[in-house]
Amino acid sequence: MSRIAVTEKIVTTKVSKGLKWEDVAKKVGQSKEWTTALCLGQMTATPAQAKVLGKIFGLSAEEQKWLQVVPYKGSLPTSVPTDPLIYRFYELVSVYGTTFKELIHEEFGDGIMSAIDFKMDMKRQADPNGDRVNIVMSGKFLPYKQY
Amino acid sequence: MSRIAVTEKIVTTKVSKGLKWEDVAKKVGQSKEWTTALCLGQMTATPAQAKVLGKIFGLSAEEQKWLQVVPYKGSLPTSVPTDPLIYRFYELVSVYGTTFKELIHEEFGDGIMSAIDFKMDMKRQADPNGDRVNIVMSGKFLPYKQY
Amino acid sequence: MSRIAVTEKIVTTKVSKGLKWEDVAKKVGQSKEWTTALCLGQMTATPAQAKVLGKIFGLSAEEQKWLQVVPYKGSLPTSVPTDPLIYRFYELVSVYGTTFKELIHEEFGDGIMSAIDFKMDMKRQADPNGDRVNIVMSGKFLPYKQY
Amino acid sequence: MSRIAVTEKIVTTKVSKGLKWEDVAKKVGQSKEWTTALCLGQMTATPAQAKVLGKIFGLSAEEQKWLQVVPYKGSLPTSVPTDPLIYRFYELVSVYGTTFKELIHEEFGDGIMSAIDFKMDMKRQADPNGDRVNIVMSGKFLPYKQY
Amino acid sequence: MSRIAVTEKIVTTKVSKGLKWEDVAKKVGQSKEWTTALCLGQMTATPAQAKVLGKIFGLSAEEQKWLQVVPYKGSLPTSVPTDPLIYRFYELVSVYGTTFKELIHEEFGDGIMSAIDFKMDMKRQADPNGDRVNIVMSGKFLPYKQY
Amino acid sequence: MSRIAVTEKIVTTKVSKGLKWEDVAKKVGQSKEWTTALCLGQMTATPAQAKVLGKIFGLSAEEQKWLQVVPYKGSLPTSVPTDPLIYRFYELVSVYGTTFKELIHEEFGDGIMSAIDFKMDMKRQADPNGDRVNIVMSGKFLPYKQY
Amino acid sequence: MSRIAVTEKIVTTKVSKGLKWEDVAKKVGQSKEWTTALCLGQMTATPAQAKVLGKIFGLSAEEQKWLQVVPYKGSLPTSVPTDPLIYRFYELVSVYGTTFKELIHEEFGDGIMSAIDFKMDMKRQADPNGDRVNIVMSGKFLPYKQY
Amino acid sequence: MSRIAVTEKIVTTKVSKGLKWEDVAKKVGQSKEWTTALCLGQMTATPAQAKVLGKIFGLSAEEQKWLQVVPYKGSLPTSVPTDPLIYRFYELVSVYGTTFKELIHEEFGDGIMSAIDFKMDMKRQADPNGDRVNIVMSGKFLPYKQY
Amino acid sequence: MSRIAVTEKIVTTKVSKGLKWEDVAKKVGQSKEWTTALCLGQMTATPAQAKVLGKIFGLSAEEQKWLQVVPYKGSLPTSVPTDPLIYRFYELVSVYGTTFKELIHEEFGDGIMSAIDFKMDMKRQADPNGDRVNIVMSGKFLPYKQY
Amino acid sequence: MSRIAVTEKIVTTKVSKGLKWEDVAKKVGQSKEWTTALCLGQMTATPAQAKVLGKIFGLSAEEQKWLQVVPYKGSLPTSVPTDPLIYRFYELVSVYGTTFKELIHEEFGDGIMSAIDFKMDMKRQADPNGDRVNIVMSGKFLPYKQY
């Protein structure tokens, strides 16, 4: 058994039961973004969270333990994603990568935006020309230090 | 001559004159995000914008013309970026890619967030535990249609 | 279970029953292009369409549910396709890619042809020198906007 | 000197003179699709065509000779294109590749659509929901023969 | 079931029964080159040929149907083959690729040698310094046309 | 200076003087296949051959010396060639690679066809359905020996 | 001009003057590890540090400005380094990567060792069996947070 | 059976029993770094160590034998690791690779730090600004010799 | 069944029985180098050798037949090997590749050292500073011929 | 200036003067293998050796200094070499890689053959069936140690 097997069971159960990530997140008591990433094998659960997920998805005690093991992260099968939705995010990195770099350095100096001390919120933004996806990212700035 | 040569001239002039992207953007009359991407060879200028940039960066008439030519986009030298700041964005796509996918589909159905009808705002978010980088992305949802 | 398993079952059943995509499409009530892409795991079915496909290919209720889940898209095993028929399309992108770019920008300005708000029609074109494959593609032009 | 140098000269001259591919094509007497591909270093000119292009772009006799040499084809710097417009065509191959294959084989049997005995026509298609790019491709079907 | 499974069954049966491709080809009534490629999952059989192969390799009716389905072609596990015998052919393309190009263009103009309307004959060539492999390839020349 | 520079000079001179490989080969006294490969930087000349080529292409004494140095071989810029003519040869290796392997082993046992003790002859084959490219390859069989 | 040009000038001057990184670092007033990384184009200088380096390496005012611009980081020409000394470090990541992961998670929980809030000290460790390279790395642990 | 199967069994058992690498290491009598690498399939056990591990993880006699077979090393599924914790180590090699090289050569001359005659110690370093990961590496310097 | 399955059975049996390649080779009557390569799926056995191996490793008649089939060669899972022992050989090719080339051409002219008509002997070389691995390779020189 | 420029000058001078590596090596006082690798930019010279090479190849004082700087090693432009002579060595690693591994471990236990404490001797081996290339490699065995 492995974390991947648990992820597959969660995904399969979600389809057969017709669950929604948003509802799962409410029961877990965290945001839908973090909770979905947890269920897809990218984050680590507390024992209590694992128990909640165990109830929702019918996971055994051992499967719940795997949710508490830090996973080998990275959710994509290829380094350049083929799925059109995910590719658009990759394209943003490709087209705007140097822009991100210039503007963050201009504001903060040398360093990075943390992808660890990080949170994100995704929601629908009503628009008469067609609704929009709105994503707010917030990551701590970490300065390179001299030593 | 090519757009790449113009980009290099802009970047070099910016360093020697000690300019800031934010100030360049104000003169161009657009956001700092779009303007920086334009200067880095990813977007296309109107004749008026090219003239403004021409004044700021000392560009010839022909160099200004190149700013009005749609560039071959993609700002990174490798498909997986080596620069730590840019890599963190790639890592977000890698770790959260399937989460983006699940949540957008849950909210909107099959389709994508456009990276073309897209805008972005990046700013400093004061925080007692260390300031944060705050990025708001807004992209039109485009549904796959049946035919 | 996963969408891939459903795709394999569809393909296997098609071979053993000797079905034609065109006939499947008529029953589904959509074009043969979109319907084939759906059956090959690239598009998403409505419940009614899933039911029709379920009858044709003998799919269980759960398998029909998978047809309604947005799939991870990309139908090729390698980034440069090895199959000669598919490679010819890749070659068109390689040889004519910059031509596509120049002419669409010349006509429309900076932007792209959508691969999402897109449809396609493929048919036989009789020709005394050997019949031809005729493909008509139609994708919405999406302009890059300044912000 | 090489064909690449001639291509660069043509592209640079086009920008500085503000020419349009469509007008170039009319003078050459061929379609805008083929003529653009020729100018971008993918096709081979006759002596008469080279002369016409020589006049338009100010090419020397030797540069005109290079236009008559069959070029090493392939117009993209990476096997997966980074430019968003060109990538959408790559994505069509990725998402619809197996669909192309199934439908052409269903209609014609084993073989390919030629990318050599091939022509293409791209035009604007007016649409109240936003104009569309319309592309008609026509390639001879070439059957695999048994021997 | 899939074509790959049928290929594996054919290969396994050939080993256990000690068959020769040349004898298989005689029964199929085609050349040993085409017949071997068919058995290795690269070509498409007629119903009659599938029946003959079914008898030789003990294939079920469904397995015979798979032989009549156009396969996803490409017989190698890596883009640069590791097997020394196959690599030598890759090396010929690498070392002589530009020579092939120059000489075919010199003789025929711009175009290609078809790999579809193609046949091949491989035989032993006796030689006092060690016998040689003799391969005769014949592919239709396909000219690029202007349009 | 390097062999690559000499190759470029030869190719450039050939275009400007309008020479043919076949005529060059006759003066060198070898086949057009080997001579073209030599001129394209893949083979090694004798002093006499270098002198002949020096006269034809206007090469200095030092450039002639470079023709006598064994070059770093491999004539293609990418491991999978993008040029359509050369790609077809790659495709033959991909589609027929395992067939080559099976038939050569069936006839000769374990070993390879040498790509070193190798020669090749390419010619036009008249055909009412369109002329064909005819290539005859002959390579010494080299058996793997046990030790 | 670019940062890469400044790096090359520094490296060339270091060779011609026979300087040592350790001495450069003393004048800069930082560790030899950080200072070397700065000189090799991976870190960002303060104006005062740039001035010191300017004196040592004979850099112009503009070159000193480039030292203060955050560079595009990543010092290796290939994703798997070919240089034997650097490869050994890559090999440590390859062989011990999962061990690093297990032990840091066992001690700290889910998170990473920062490569930004990081310092390093490298020194000679005398040893009768042959002196050893001793490297002490210290990176802040950054926990993944739930949100 | 293979070493990989044994590794998977060890990892699975560790999760289900809730074991710690540090405790396993104490029983084996070696450091936690080496012991974890051994358990993850990168090092080779003595018969006595295999017996100890066999008791801890419930391994059969044959599974214990596999622990004594030198494994095919390399613990990562991709050449650039996707897991954020492991990637940071890769990033250190990328950013500091040339610095490692310069400083080791400055101190020792031409040669490498051995990754074989190597040991490592990883521990928590308390810090008021957030605890740190402290890693001490020690590898024998191996000089290139002239011959 | 396939050759790979036979290789796995041989390797597994070797571990469980505690056999040595050197002893296997003596029974086969060939060198330990060739025999090990045979057992690892890289060489082809005679019927008599297959019988001997069948007895040693408990192989069925069909498994023995597979040993007599020429295998698809190449023993490594990645093009750049991750295993440290094997990587060192790759590193020798990387560092000394051009040296091999220069010296063999200096001695023999244009051509190669055959990897087919090749043999190798590996043995321990006692040395007071630590024993050494001694490898003697002998490959027939094959000259490129003009034609 | 860089080491690469010095290497190119050495190679160019060698061709124009018609020198032999073997004679260069004699003057340097080291083996032809090590000396050639030095001249090709893979090894590091002492001041005295640099002076000798400076005289032979007409190198300036600064160029001689570069010969004393440890180079970034790896002599091949691609990770899988295209040159047939060098590829044969790569092929040996590919075909015999696991054999090297098994036999060295069988004789020495876990560890590697050093590619640093390494020497090599290449010579012609007369043979009535065609002369052979004989290479003797000797590398210190380095055992993995437990800690």
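Chains here go by letter, A, B, C, D, E, F, G, H, I and J, matching the order in which they are written, and residues are numbered from 1 within each.
Operating definition for what follows: a residue touches a chain if its C-beta (ideal position, glycine included) is under 8 Å from a C-beta of that chain, and two chains touch if they have at least 3 such contacts.
The structure presented is a predicted model; accordingly, all values stated were derived computationally and were not measured.
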Practice task
Treat each pair of touching chains as one step and give the shortest count from chain B to chain I.
Solution key: 2
Fill in the blank from the handout: The angle in degrees, nearest 5, through which chain B must rotate for its Cα atoms to match chain J is 145
Exercise for the section: Since chain A and chain H are copies that touch, just let me know if over half of their interface numbering is common to both, same, or not, different. Expected result: different
Practice task
Compare the CA centroid of chain E with every other chain's and tell me the farthest one.
Solution key: G
Practice task
Report the inter-chain centroid distance for chain C and chain E in whole angstrom, where each centroid is the mean of the CA atoms.
Solution key: 29
Completion exercise
Chain centres from averaged Cα atoms put chain D and chain J apart, in whole Å, by 47
Practice task
Provide the list of chain J residues touching at least two other chains, using ranges where the numbers run on.
Solution key: 33, 72-74, 76, 79-80, 82-84, 91, 94-95, 98, 101, 105, 111-112, 114-116, 142
Practice task
Determine which chains touch and list them pairwise.
Solution key: A-B, A-C, A-D, A-G, A-H, B-C, B-D, B-G, B-H, C-D, C-E, C-F, D-E, D-F, E-F, E-I, E-J, F-I, F-J, G-H, G-I, G-J, H-I, H-J, I-J
Completion exercise
As the complex stands, chain E meets chain D at residues 30-31, 33-34, 43-44, 70, 72, 98, 101, 105, 109-112, 114, 116-117, 119, 142-147
Exercise for the section: Report the residues of chain A in contact with chain D in the complex, numbered from low to high. Expected result: 80, 82, 84, 87, 91, 94-95
Exercise for the section: Flag every residue of chain F that touches chain E in the complex, lowest number first. Expected result: 20-22, 32-33, 36-37, 40, 42, 73-76, 79-81, 83-86, 88-108, 111-115, 118, 120, 122-125, 127, 129-142
Handout entry: Touching residues (chain side chain A, partner chain H) in the complex
Key = 1-2, 62, 65-66, 69, 72-74, 76, 79, 115-116
Handout entry: Sites on chain B touched by chain G in the complex
Key = 8, 11-12, 15-16, 18, 77-78, 80, 82-84
